[in-house]
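Each chain gets a letter, A, B, C and D, in the order it is written, and its residues are counted from 1.
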Amino acid sequence: MNEQASPSDAELAAIARGIFDAQPFTQWIGAELREVGRGRADIALRNRPELRQQHGFVHGGVISYLADNALTFAGGLALGGDAVTAEHKINFVRPAVGDVILARASVITVTKSQAVCQCLVYASDRNGEKIVAIAQGTISKAHSR
Amino acid sequence: MNEQASPSDAELAAIARGIFDAQPFTQWIGAELREVGRGRADIALRNRPELRQQHGFVHGGVISYLADNALTFAGGLALGGDAVTAEHKINFVRPAVGDVILARASVITVTKSQAVCQCLVYASDRNGEKIVAIAQGTISKAHSR
Amino acid sequence: MNEQASPSDAELAAIARGIFDAQPFTQWIGAELREVGRGRADIALRNRPELRQQHGFVHGGVISYLADNALTFAGGLALGGDAVTAEHKINFVRPAVGDVILARASVITVTKSQAVCQCLVYASDRNGEKIVAIAQGTISKAHSR
Amino acid sequence: MNEQASPSDAELAAIARGIFDAQPFTQWIGAELREVGRGRADIALRNRPELRQQHGFVHGGVISYLADNALTFAGGLALGGDAVTAEHKINFVRPAVGDVILARASVITVTKSQAVCQCLVYASDRNGEKIVAIAQGTISKAHSR
């Protein structure tokens, strides 16, 4: 995301999608940027056999990736610039089963150079959705890393 | 990992390798269980283009996966049973570049049902290795989840 | 908090207040249990010179205490029993100045033995309130520690 | 801590002690800066009735304060300047009983503006010492907050 003037919401969303599409790992794992707004981002991933651990649940590392990436995009959209996750913390509260895993992140506070964001990760199927993980992290402007 | 008697170190290592090999995501991403011991585990991943983010560094989500999995194995090996990561926290301290990413986890304290472990994640190439991330987490016996 | 039957909200609040009043440190530091509900607790502390660090802001350790205690009470009220904080994470986002520091915690998910809670800490004066810290933690039933 | 030239270890220790003594909360709670070095700090607190929670253990908030402050000093001593804790995470692994609580922090990595530190908190009596908590946090130079 560029830092000239103040981009409109639509411009910001377009920039976020551009960065998302430029992440090889994100493309490889098959994640999808569902929704973006100023300070929020939803990233979804369809459950597939190769994303699982030994008990058939989606691997915690996949959940971590989704939370990490949603936090980064929510923070970057709040900061209005390319961003990195400086640190995060995640609680896994329930085995992740279902058709789709959705990480929904939003900013809590933002300064010039940092945003603190929270993220709920849901697993959903036709019966509804359940929270499987809860994360909190610090997102920094990319150049300040 | 079974809970009969107290397995020998070699048995414990064999059980850990069995669980590792039974994780579809771990196989898919190509991680390798390098070293295991009572309360410690090293997991490595060769850097490949599809593991990267938009700036060419290994994606933070991949680093998170490695730390998460190393923490789980270190904790499971300390607990002597199949284990899950209940929660963890990770600091990304340097962009991850290099040939190999190595997550090295070890237990700090262990009770009957929980272990608290720390993990250093290194990126290495022919010039040496550098710490790229630092993690701490709680590992619980699998049945207590 | 006892575990017989299911206590009413009023009983639960009374039990929480009893535990709060039985904490010597809480009495010594002068904290006040403002509000309690099923899965939420607000704890306030009037800013005094002896609570500060070298720059005149409320010490981060005091903010940590408030968040820690609010998380424990929110979790205990959700679990319906005496509880301990197993772990938490806190981000300090702004120097804490003002007349009153308020930690407002609420439960996000709860199982039989554990709750994951979040907490916002505010500093307020006559001009309004500002978030100074954001926390997330795991609260366990006391006997399971 | 000033940022002229590079202070000697003895100067750095003296500066750290000056800041420690200038923290009203630290004086009020009665903490003691035991040891300092480049990137490490030990802070101790004698157990007293007013530091406890409802079961007679040292309150988790007191443990958090000790870890928080030890992390800040370890980080500040690594950064060579006045520092603040940007965030930290703490696991409470055992009830804190004993005569003295000691938080021992050391730096893991440091850049120009930030240090990531870890801290073990011990409770000790005449029979020895036990780990009661484990923390990890980010310490930033004070002016960059």
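Operating definition for what follows: a residue touches a chain if its C-beta (ideal position, glycine included) is under 8 Å from a C-beta of that chain, and two chains touch if they have at least 3 such contacts.
All figures in this text were calculated on a predicted structure; none of them were measured in a lab.
When the C-beta contacts at A-B and at A-C are tallied, the pair with the greater total is A-B. Of all chains, the one whose Cα centroid sits at the greatest distance from that of subunit D is A.
Look at where the CA atoms of subunit B average out and do the same for subunit C: the two points lie 33 Å apart. Centre to centre, using the average C-alpha position, subunit A and subunit B are separated by 22 Å. Subunit A and subunit C, compared by their mean Cα positions, are separated by 28 Å.
Residue numbers of subunit A whose C-beta contacts span two or more other chains: 86-87, 89, 91, 138. Taken together, the subunit A residues at the contact with subunit C in this complex read 89, 91, 93-94, 108-109, 111, 116, 118, 120, 131, 134-136, 138.
On the side of subunit C, the complex with subunit B involves touching residues 86-87, 89, 138.
Subunit D makes touch with subunit C in their complex at residues 19, 22-29, 49-55, 59-62, 64-66, 68-69, 72, 82, 84-92, 95, 142, 145.
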